[in-house]
Amino acid sequence: MELFGALITLLGSIILLIAAIGLVRMPDVYNRLQVGTKASTMGTLLSLLGIAIIHPTWAGKLIILILFVLFTNPVSSHVLARASHYINIRISKRTVVDKLKVTDRAFKVGEVKK
Amino acid sequence: MINTILTIALALIFLSIAIIIYRFMLGPSSVDRVISFDMMTIASISIIGIISYMSDRVIYLDIATVYGLLSFLAVIIIAKYLEKGL
Amino acid sequence: MKNYITIFVILFFVWFLLNNTLQVEVLIVGLIVSALVTTLVGVMLCVKCNVFSDLKYTPKAILNTFIFLAVFFIELVKSNIDVARRVLAPTRPINPGIVEVKTKLKSKFARMLLANSITLTPGTLTIETRGDSFFIHWIDVKDINVEKASNELIRKFEKYLEEIYD
Amino acid sequence: MTYIIVSILLGIIMLLMTGIAILHKNMVVAIIAAGVVSLFASVLYLLLAAPDVALTEAAIGSGLSTIIFFYVLNKIRKNNVAE
Amino acid sequence: MLRNSLIFVLVIAVGVIFYSLFTQFDGNDELSDLAQFYAQKENIDKVGSANLVTAVVVTYRGLDTLGEVTILFLTAAIIGFFLKGKLEEGKREVRPSSEILQTAAAVLIPIIIVFGVYIFINGHLTPGGGFQGGAIIASAIILMLLTRPTMPFNHKLFSTIESISGLSFITLGVLGALFAGGFLDNRFIETGTVGELISGGAIPIIYSFVGLKVGAELSNILGDFQEVQNEK
Amino acid sequence: MEYIALVVGFLIILAGLWAIMTRKNILKIIIGFSLFDTGLHIVMVALAYVNERTAPIIDGTVLAEEAINKVVDPVPQALVLTAIVIGFGVTALMLTYAVRLFKSKGSLEIADFKDAKW
C-alpha cells in the first residue's frame, strides 16, 4: 500500500515535468496557460494524494490542500487569460479563429469602460 | 524503498522547476513570467508535501496551504495590475 | 438564510478537516468560530451574499452532484493524457482558437463551477464571460458554430449542473 | 544527504532570482523575482527546521510585500502604455 | 568612477568580514544554555505550550511582542498620515473584475478567514500564531478589495477591532501580573496537558488578540494603499 | 546544510547591499533592501540550526521528555519571526515615502532629486 502511494507521488511529479516541458514548447500565452493549469493541478493533486495514501492519518489537511488547489488554480488561470487578452498579448499565428476580438470590435468595447 | 522513490520524485520536480525558470528568463511577455511564478508555487507545494513525509512532521503541511493561498492572490493581483483594473 | 447555513456547514467542515480530530473541545471551538465568521461575512464584509442561495437539497440534486464529480474527475484524467500527448509529440498537434458557447445556467455558483470545469477539461480554457456567452480558448478547434461548439464542450457538465441549481 | 542536495538547488535558484531581481529592467519582473526569492527561502527555512519562520516568510515576505509593491507600481504608472 | 570603485571596495570589505564569520562557524551540536532552559521537560509543562517558539514569543519574551505590535501600530498610523491626500470626487474608471472571480472570492473569503483563525488559535500546537494568522486574514481582506476596486474601505471598523483587541491584550498582561508571576504571564488560567487545544493557560487567548490586532493593522495598511489609487 | 544556507544568506546580503548603493530607481533600492532583509533572516535561522534535529514543536514525533535532545534552538527563530513582520512594516513605510516623492516630482529616478543632495 505504501509503495502504491509512493508510485502515485512519482506519477504526479512526472506530470509536473510534462507541464514544465509544455510551458517551454507551446507557442503562445494561451496554450501555455492551458498546459500549465491542467497538468500542474493534476500533478500536485496526485503527489499529495500519494502522500495521503502512505500516511492515512494525515488525510484531512491533504484533502483541504487538494480541494484548495483544485478550486483556485482554474480561477487564477482564467483571470490571467482574461488579462492577457485585454492587453493584446500576441496570439500565435496558428490560431484559426478569435471570436472574442470580433465581438469586442462589433460592440466597440472601449479601453476601460465595460 | 519508499524514500528512494520519493527522492526520485523530488529530483523530477526540481528538474521541472529548472525548466520553468528557463521559461521565466526567456518569457517574452510579463504574463509568461506570471505563469512561471504560479507553476513554481504549485511545484513548491509538492516539494513541501514530500519534505514533510521525509521529516515525518504533519505540521509542515500548514505551510503548503499558505502557498496555495499565496499563488492565487499573487496571480490575481498581477493580472489585475496588467489589465489596469487595480 | 439557506446561504448562511451552507456557509456555516462548509466552514465547520473545513475546520474539522484542518484539525483532523474528533475531540469535543475542538469541535465546540469550531462551532463558535464558524458561527462568528459567518456572521462577520454576512453582516460586515458582504461581498456577494447570495452565492449559495440557489442550491437545492433534494435527493435528486445530491445524486447529480456525485455524478457531476465523477464526470469531472474522468475528464480531468482524460485532459492530462491529452496534454501529455500534445506536449510530447514532436509535431505539436495544435489548432487553437477562441470560440463562443452559450449556456443556460443562471446561478452564479453554477456558472463558476462550469467555467472551472471547462478550464480543467481537455484542451479548453475559459477566457471571458459576457451574459450567457462564454468565450473559450480551444486548443484544437473542430467547429466554430456557437451551437455545435456548445454541444461539444459544455453540455456534458451543464445537464448535471442544471439539475443541482436551476 | 537528500536535504543537502535540495538546499544546494534551492540556493542556486535563489541566487539566480536575486540577480534577476536586481538587474532586470522591467519592474514587474524584478518584483516577481524578489517574490520567488522569498518563496524558496521559505522552503529553505523548512529544511532548517523552522516552520514558524517559514509560515511567516510565506505569508508576509512573499505574499503581502509583493501585493503592496504592485499597488505602488499601479499608483506611479503615469498614462504610459505599459509593456 | 571613483564612486563605483568605492562601492566595490566596500562590498568586498563586507564580504571579507562575512568570510571570516563563516570560517569561524563550525556547526552546533548542542543547544545553547538559554534554549536548554526553555526545552526542559519541567519548563514545557509549566508553560504548557507545545510550540516552543510560541512560548518564547508570548510568555518569555512577551514584552518584545508588545513592543512589536506597537511598532506595527505606529507604522500603520504613519502610513495613513502620509498617504492621505485630497480625494477626487470623480470616480476612477477601472475594468470590473470578471464575474467568475467575484463568485470565487465570495466563496473563498470565509474559508481563508477560518484558515487564519485556525492558524492563530492553534498557535501553541502547530506552526503559526498571531502574526501569521493576522497576515492571512489581511489576505482575505485584500481579496475583497481586489474584486471590487472602487469600493470605499471601512477604516473605522478595522480601527475599532484593533483598539479593542489591543486593550484586551494589555488587560490579559495585567491579569498575569496580578494573579501569576509577572506581566504577560500565561499561568493565571490552568495550563492543562501539553498538546491539547485547551492548554497553555492564556496563550491561545493572548495570541488570538494579537492575531486580530495584527490582521486589522495590516488590513489598514493595505486599505491605505488601495485608497491612494483613487486619488487623481 | 546550515553551511550552504549561510553562504546563500551572505551572498544575498551582499547582492542587496550592492543593489542599494548602485541602483538609480527608488523602487529598485527598496527591492534591494527587502532582499538584504531576507538574506539576514536566512543567516540567523542557519545559525540556530543544530545537527540532525527537528522543529521545536512537541507532538507525536517529539515527546516533551526528549525535547532537549531532539529540537533546534527556538530563540533565534522567535527573533526572526518578529524581524520579518517589522521588515514588512519598514518596506511599507519606504514605499509610502516613494509614493510621496512621486507625487512631488512625478518621477522615481534618484537623479531627479538632486536638490536634496548635501
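The first chain written gets the first letter, and so on, giving A, B, C, D, E and F; residue counts start at 1 in each chain.
Everything below uses one rule, namely that contacts are C-beta pairs under 8 Å (C-beta built on N, C-alpha and C of every residue); 3 or more make two chains touch, one makes a residue touch a chain.
Note that the structure is predicted; figures quoted are calculated from it, not measured.
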{"item": "Chain labels contacting subunit A and also subunit E", "value": "B, C"}
{"item": "Path length in the contact graph (subunit A to subunit F, fewest steps)", "value": "2"}
{"item": "Which of D-E and A-C has more C-beta contact pairs", "value": "A-C"}
{"item": "Most widely separated chain from subunit F, with each centre as the mean of CA atoms", "value": "C"}
{"item": "Whole-Å separation of chain centres (CA-atom averages), subunit C against subunit E", "value": "34"}
{"item": "Whole-Å gap between the CA centroids of subunit A and subunit B", "value": "12"}
{"item": "Whole-Å gap between the CA centroids of subunit B and subunit E", "value": "24"}
{"item": "Euclidean distance of C-alpha centroids - subunit B vs subunit F, Å", "value": "21"}
{"item": "Set of subunit B residues in contact with two or more other chains", "value": "10, 17, 29, 34, 57-60, 62-63, 65-66, 69-70, 72-73, 76-77, 80, 82-86"}
{"item": "Residues of subunit D whose C-beta touches two or more other chains", "value": "47, 51-52, 54-56, 59-60, 63-64, 67-68, 71-75, 82-83"}
{"item": "Shared interface positions of subunit A, touching two or more other chains", "value": "19, 21, 33, 41, 57-58, 61, 64, 71-72, 75, 77-79, 82, 86-87, 112"}
{"item": "Complex contacts: residues of subunit D adjacent to subunit B", "value": "2, 6, 9, 13, 16, 20, 26, 28-29, 32, 35-36, 39-40, 42-43, 46-47, 51, 54-55, 58-59, 62-63, 66-67, 70-71, 73-74, 82-83"}
{"item": "Subunit C - residues contacting subunit E, complex", "value": "7, 10-11, 14-15, 18-19, 23, 25-26, 29, 33-34, 37-38, 40-41, 44-45, 47-49, 51, 108-109, 111-112, 115-116, 126, 128-129"}
{"item": "Of subunit C, residues touching subunit A in the complex", "value": "14, 16-20, 76-77, 79-80, 83-84, 86-88, 92, 94-100, 112, 115-116, 119-120, 123-128, 130, 133, 135, 137, 139, 141, 144"}
{"item": "Contacting residues of subunit B [partner subunit E, same complex]", "value": "59-60, 62-63, 65-66, 69-70, 72-73, 76-77, 80, 83-86"}
{"item": "Touching residues (chain side subunit B, partner subunit A) in the complex", "value": "1-2, 5-6, 8-10, 12-13, 15-17, 19-20, 22-23, 26, 28-29, 31-32, 34-36, 38-39, 42-43, 45-46, 49-50, 52-53, 58, 61-62, 64-65, 68-69, 71-72, 75-76, 79-80, 82-85"}
